[in-house]
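What follows is a group of structures, each given as structure tokens.
Both of the next two complexes hold chain A, though its partner changes from chain B to chain C.
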Partner chain A sequence: MTSLTPPTPGTRLDPWFGAYAQRAHNMRASEVRALFAVVNRPEVVSLAGGMPYLEGLPLGVIADTMQRVIATQGTTALQYGSGQGLEELREQILDVMRLEGIDAHPDDVVVTTGSQQALDLVTRIFIDPGDVIVAEAPSYVGALGVFRSYQADIVHVPIDGDGLIPEALEETLTRLAAQGRRVKFLYTIPNFHNPAGVTLSLERRPRILEIARRHGVLVIEDNPYGLLGFSHDPLPAMRSTDEEGVLYLGSFSKTFAPGFRVGWVVAPHAVREKLVLASESAILCPSNASQMAISAYLSTSDWKGQIKSFRELYRERRDAMVGALAEHLPDASWTVPDGGFYTWVKLPDGLDSKSMLPRAVTGRVAYVPGTAFFADGSGADHMRLSYCFPTPERIREGVRRLAAVVNAERELVEIFGTSPSPDDVTDIDNPGPDSL
Partner chain B sequence: MTSLTPPTPGTRLDPWFGAYAQRAHNMRASEVRALFAVVNRPEVVSLAGGMPYLEGLPLGVIADTMQRVIATQGTTALQYGSGQGLEELREQILDVMRLEGIDAHPDDVVVTTGSQQALDLVTRIFIDPGDVIVAEAPSYVGALGVFRSYQADIVHVPIDGDGLIPEALEETLTRLAAQGRRVKFLYTIPNFHNPAGVTLSLERRPRILEIARRHGVLVIEDNPYGLLGFSHDPLPAMRSTDEEGVLYLGSFSKTFAPGFRVGWVVAPHAVREKLVLASESAILCPSNASQMAISAYLSTSDWKGQIKSFRELYRERRDAMVGALAEHLPDASWTVPDGGFYTWVKLPDGLDSKSMLPRAVTGRVAYVPGTAFFADGSGADHMRLSYCFPTPERIREGVRRLAAVVNAERELVEIFGTSPSPDDVTDIDNPGPDSL
Partner chain C sequence: MTHSPRVVVLSGGLSHERDVSLRSGRRVAEALRLAQVEVTVHDVDADLIPMLSDIRPDVVWPILHGASGEDGSIRDVLELLDLAYVGTGPRSSRIAWSKPVAKSVVARAGISTPDYVTLPQSLFRELGAQAVMNAVVAKIGLPLVVKPSRGGSALGVTLVRSIAELPRAMVTCFAYGDVALLERAVTGTEVAVSVIETADGCQALPPVEIVTDGPYDYDARYNPGRTEYFAPARVTAEQAETVARTAIEAHKALGLRHISRTDLILEADGSIQFLEVNVAPGMTETSLFPQAALAGGRELPELYRSIVETARVRQDS
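Moving on to the complex of A and B:
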């Protein structure tokens, strides 16, 4: 038998391997993507995904609305549209944002293909390779992926139960300035944070804005969950008190449905013009059909009532989640979110959520390891559990299974002194869209 | 009275002017955008836009199909989907591409938000600032915009009535190699070229592929119009004979409708993986609702019959266009396209299509100046006229008006020796999505 030298990974089958842009090398397929494919099997309880629960939507009504839109306005709905988005929808978006105290003009709004595209466009117009983006520790995995793809340097700032810590932000920005680093923006999720589940307190909001303003740093306020609070009315958005210093990102994905891919960004005039040009370059224009479907839904349905029923649904699931954690994983600790989709769980000492994941999937339960939410690969002592999609019963079953996995893992750690890390789990940077 | 120094343009109102990325400075709003806003007024005959004519679509049937999709599969249609796109649609896309001799696997296809997004993703994964992209002279304005936004250096290669000239490509690639320039890909529109209206001959296709292969240059085959030929069956795509060397871009925007924003790219395995990662970063996933609408249309309607009727419709309009040009502008010359949406008109000597545009709009007719289709600002002696959207009667009226504008312009040139260029028309680089 001849001994074969294995080819360098990625070169053998790819004649264009040497032709990629620098940024493409920052786009890596995660080795746990294969695991996430398994996660969607019915026998696995997935506490990994960020998918909203859509059974509660009035599908028949939405279907009839869509029928009417195409039958009566089809030549508009099926045609190219404006790069900025339809004016009627932009006006309705103002109604949505008014619930959080935002006073804006339709011209300030740019409609995007989900708020993920807004993240992409904002990063595209502001970030040169090596520029610094400041983000919470932890932060949204999909944002970190965008930032990395534009070769940004991500610097984390710690949070606590009241969200981003102003003193830590001040210290970080001062240190970066002393180092001569160029900080382009602060990326923050003030409400029902993904993954941490915490909310920036009312008291801290003006302090964060003041610090950012003093350091000349733009604030990106990403707010997909703000209307999904469990116990009180929405807090005023940071954008509601700062028009020039804040870019606000909104989305219909969590308050209505993600399948139309409609989000938006509100930006100061000149920035908004750049965003429109960038969006035209990226996709020409957002889908008229999608925008008109959302617009018709907003004008003909009780969308506020629907959000209220989502809040009740998700609160019940949050209760199921934290109740099951208290019962089955008393040695762990977790945030108790007052809205949104996620709780952030700290594992008992010595456990590693990333290396444990394959064994969890074997145990028919899935989560997202904490490492996905840090640019520097830390966070293995945490995991994100989502309670948005599974029923309360499935949530309890999932936590039960997770506890069994954790307990078995703990025995391994006691025997071996460390949590064994299989070779094939080396990178959770991009677990794929299902996990977001 | 105090004399005021006007502020530097763009700085006074934009507190973030100093924070933009390098690439954002390549995204410029065209001063003729204001003109294009006027173009959509009913009194103006627009021969500028690339909008398909949708009146012929069975809107009632499409509306009912969409109703059924949401009523029966709503929790999928309204949910997040896969970054690569729905498998069922990718299989149907294979049926579409088989009409051009392409034999591919569903795994090879990535669904995008219009083929514009495919252009963006391909450029994103391959282009570092300063890399060379070779493109036809002229080339699609929307592609040039994407290439510029990634700071590519665009090098044009001349075309003639049979499309890209192989000898000119060979000469260009050899020269660039001698200069040590890194050519990342050739961007070409082989069928019913936008804006030139010409088609790459059957005889030249293998020669172009051979030259590109020999120089190690990837070929981007952009083919939105290939099925819209007037006199013969579609020519075999370049991708049909070269799986590894060609990335193929397709779209439903011209053969069905652009309003769902569904296009696709076919790529070799490893490149396709990068494209999926890049797309997930840009938008998470394409719209399930849009994809399922297209999929249901393809499986329940006579889509080939619809394309046939589009071909007849556009041929009649092409005939109206070239007939009117022969009657009213005998001193100009133009291509006679055998499919697609556009003819490329060379103006009588001494006329400048860019400086003439404001006077044309005053004369209630619009076109896209040739300068939009060149990276170096040349092309002012040409204009693109599209015949896709206006009725034959409106096309004839538009050309009549254009002839009056041209004749008046010619008098100006005879008197002043040159075509006067108003100060406010300095940049047609990005005329906005309506003109594409």
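Moving on to the complex of A and C:
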């Protein structure tokens, strides 16, 4: 005789599934993220992560500095601090920014937990769901993740070898205005762009600012790489010529060490007040210990000499990267960055960097698919390659492996006459800190 | 009285499923520690053989998903080192790891499995992709499922509803391996049946029913929410008995040992279709094996310890 077993309730393994905010629904593990689990294995040449080469730092000196901070000022370093950040560090940040022509007051600076938190704060205070953020195409994956989490509508504007194209920005802002869309800010990485590696030309900077000003659009200038140029002194920051229309985001993560998680934002008075309040509500205050360690490092070490040594190191690696690309992937094209960490590679026709990633992982090489850098799922024909962390020898080996992967994928595309292109954005997630 | 076993859990590895393996390994290790088992978790790297040779654990539990973990090769190494381990031996692992080979073995044992064809990438080049795809669709029909012939976690798997979708599915599949399994898509109640061997013998845990709002793909498996699980499955006692018997038959036909999970479809007419079997089933917080164990009234620490004890006894004998 057939009988039913006692009915059991189903489970979705998450009793709060129905309780999440709308903005949390796209925060999901994806295949791409899973594939990145192998990236840190030594067998894999990772051309994915934007991790600075910390072996280039005087680690012994830093250890002594941190020891001294705790031994002599431990009760301050380990205590709560100011929501705006330590004044001494804010003054030193002015010295750093002066190298790019920024003349500011310590009160203008808000110290944040990495510039990623600055991005979060800026987005939090400006963006309501559905508001438009204009960003370069492509744009920094970590920024897109923040913007998406606040339910912004991200509109891309194309770039070329000289950075953001003013005519395209003008056209986009005009079109959005005609549609009655409210653009809250333009997000731009003017120097040694992540992922594209290009730099906004000196000639275009005032034009971009003028267009933004005319359309009443705030400019968020994200500049973690500005001091890491290979062939010339840093270009003047956009903030150096526009104090009211530009929010400037800086970071010690690329020029010193990301482990301290110290960044900053420079903002006009009223905005700054809101940023401090927003930051206090999020984290109370940035870490005193990290700020004091960086402050001590800046005051006792030759930090400018250290940045110079990083520039030389990364230039050598950039050369290794573009040399290897020319040798092994002659039918691809790529940007030749004049600073920073990344080159942006256009694959031969028909290839898809996202669908190719499992093959690359099997081939022991990793990169970030171009789709990560677009809000609309495009970019599959590109990939970002980082040269900052692997040695030149490893970079050459990585590109050699990548070429084998590309050739195998090309054969597949020839057979099937197609290549998958992403048709949804649900799995274009943040691939994780290893890929930023 | 024997001492509490010293266990090395192997997790990680270099496969596409490294992330899942790491999570599974952590879960099993935590449960074993609660059962007073001394556990070390280790990745598969150049330190592994010296470490195993040095500490000579009582039992090794390879919780490695994907190649090397499930294709038998790590188990070959454990045999070489003469170490007891949880799970199927190398030869049967290799059979189970290959989906088409496993399907043919269980079919010979009288278990139904959906019509399929296994095709290497090179064949599409030699014969022309469109001609081969046309022939496949003519024979198997639509919808069909394209999956790598080896691999797990639904990586590279696509449900194809029209022939126009097939080229893209093939490209996705071949990114994970050179051989594709194209299988008739069967509809019905999807159940996973875990089989364990302990001192009490070989037995099936209650079937777990999987209900998704789309394909049971990576997203549906590892992001809580999209999939609803029913443990035990909402089937009749007779059906539960039948799927349990089928899973045990598959386990035995394939020569599996200690632990396995068989994925089945219970069709509307009551017939059962075998899809695939896993010799190293996922053990994460969202995985089917622990859900089945809990539905069967098992405490994971005790269950995992009893599996370890079984593996140790087998070696001792």
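Everything that follows uses one rule, which is that the second predicted complex is superposed on the first by the 415 of 436 C-alpha atoms of A that agree within 3 Å, B and C clash if a C-alpha of one lies under 4 Å from a C-alpha of the other, contacts with A are read in each partner's own complex, and residues count from 1 in each chain.
Note that a residue touches a chain if its C-beta (ideal position, glycine included) is under 8 Å from a C-beta of that chain, and two chains touch if they have at least 3 such contacts.
Since the model is a prediction, treat every value here as computed from it, not as a measurement.
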{"item": "Partner chain(s) touched by A:E43 [first = chain B, second = chain C, both, neither]", "value": "second"}
{"item": "Touching partner for A:G142 - first (chain B), second (chain C), both, neither", "value": "first"}
{"item": "Which of chain B and chain C A:G417 touches, first, second, both or neither", "value": "second"}
{"item": "Which superposed partner A:G161 touches (first chain B, second chain C, both, neither)", "value": "neither"}
{"item": "Touching partner for A:S355 - first (chain B), second (chain C), both, neither", "value": "second"}
{"item": "Partner chain in contact with A:G56 - chain B first, chain C second, else both or neither", "value": "neither"}
{"item": "First (chain B), second (chain C), both or neither touched by A:A257", "value": "first"}
{"item": "Partner chain in contact with A:L13 - chain B first, chain C second, else both or neither", "value": "both"}
{"item": "Touched partner set for A:K184, first chain B, second chain C, both or neither", "value": "first"}
{"item": "More chain A residues in contact - chain B or chain C", "value": "B"}
{"item": "Chain C-contacting residues of chain A that also contact chain B", "value": "10, 13-14, 17, 28-29"}
{"item": "Chain B to chain A touching residues, read off their complex", "value": "10, 13-17, 19-24, 27-29, 51-52, 54-55, 57, 59-60, 62-64, 66-71, 74-83, 113-114, 116-117, 120, 124-128, 131, 142, 145-146, 149-150, 184-185, 218, 244-245, 253, 257-261, 268-271, 273-274, 277-278, 280-290, 293, 430, 432-434, 436"}
{"item": "Residue numbers on chain C that touch chain A, as the complex places them", "value": "14-20, 22, 45, 121, 124-125, 129, 153, 155-156, 167-168, 170-172, 174-176, 211, 218-219, 222-232, 234-238, 240, 285-286, 291, 295"}
{"item": "Chain C-touching residues of chain A, taken from the complex the two chains share", "value": "2-5, 7-14, 17, 28-31, 33-35, 37-38, 41-44, 352, 355-359, 361-362, 364, 409, 411-420, 426-427"}
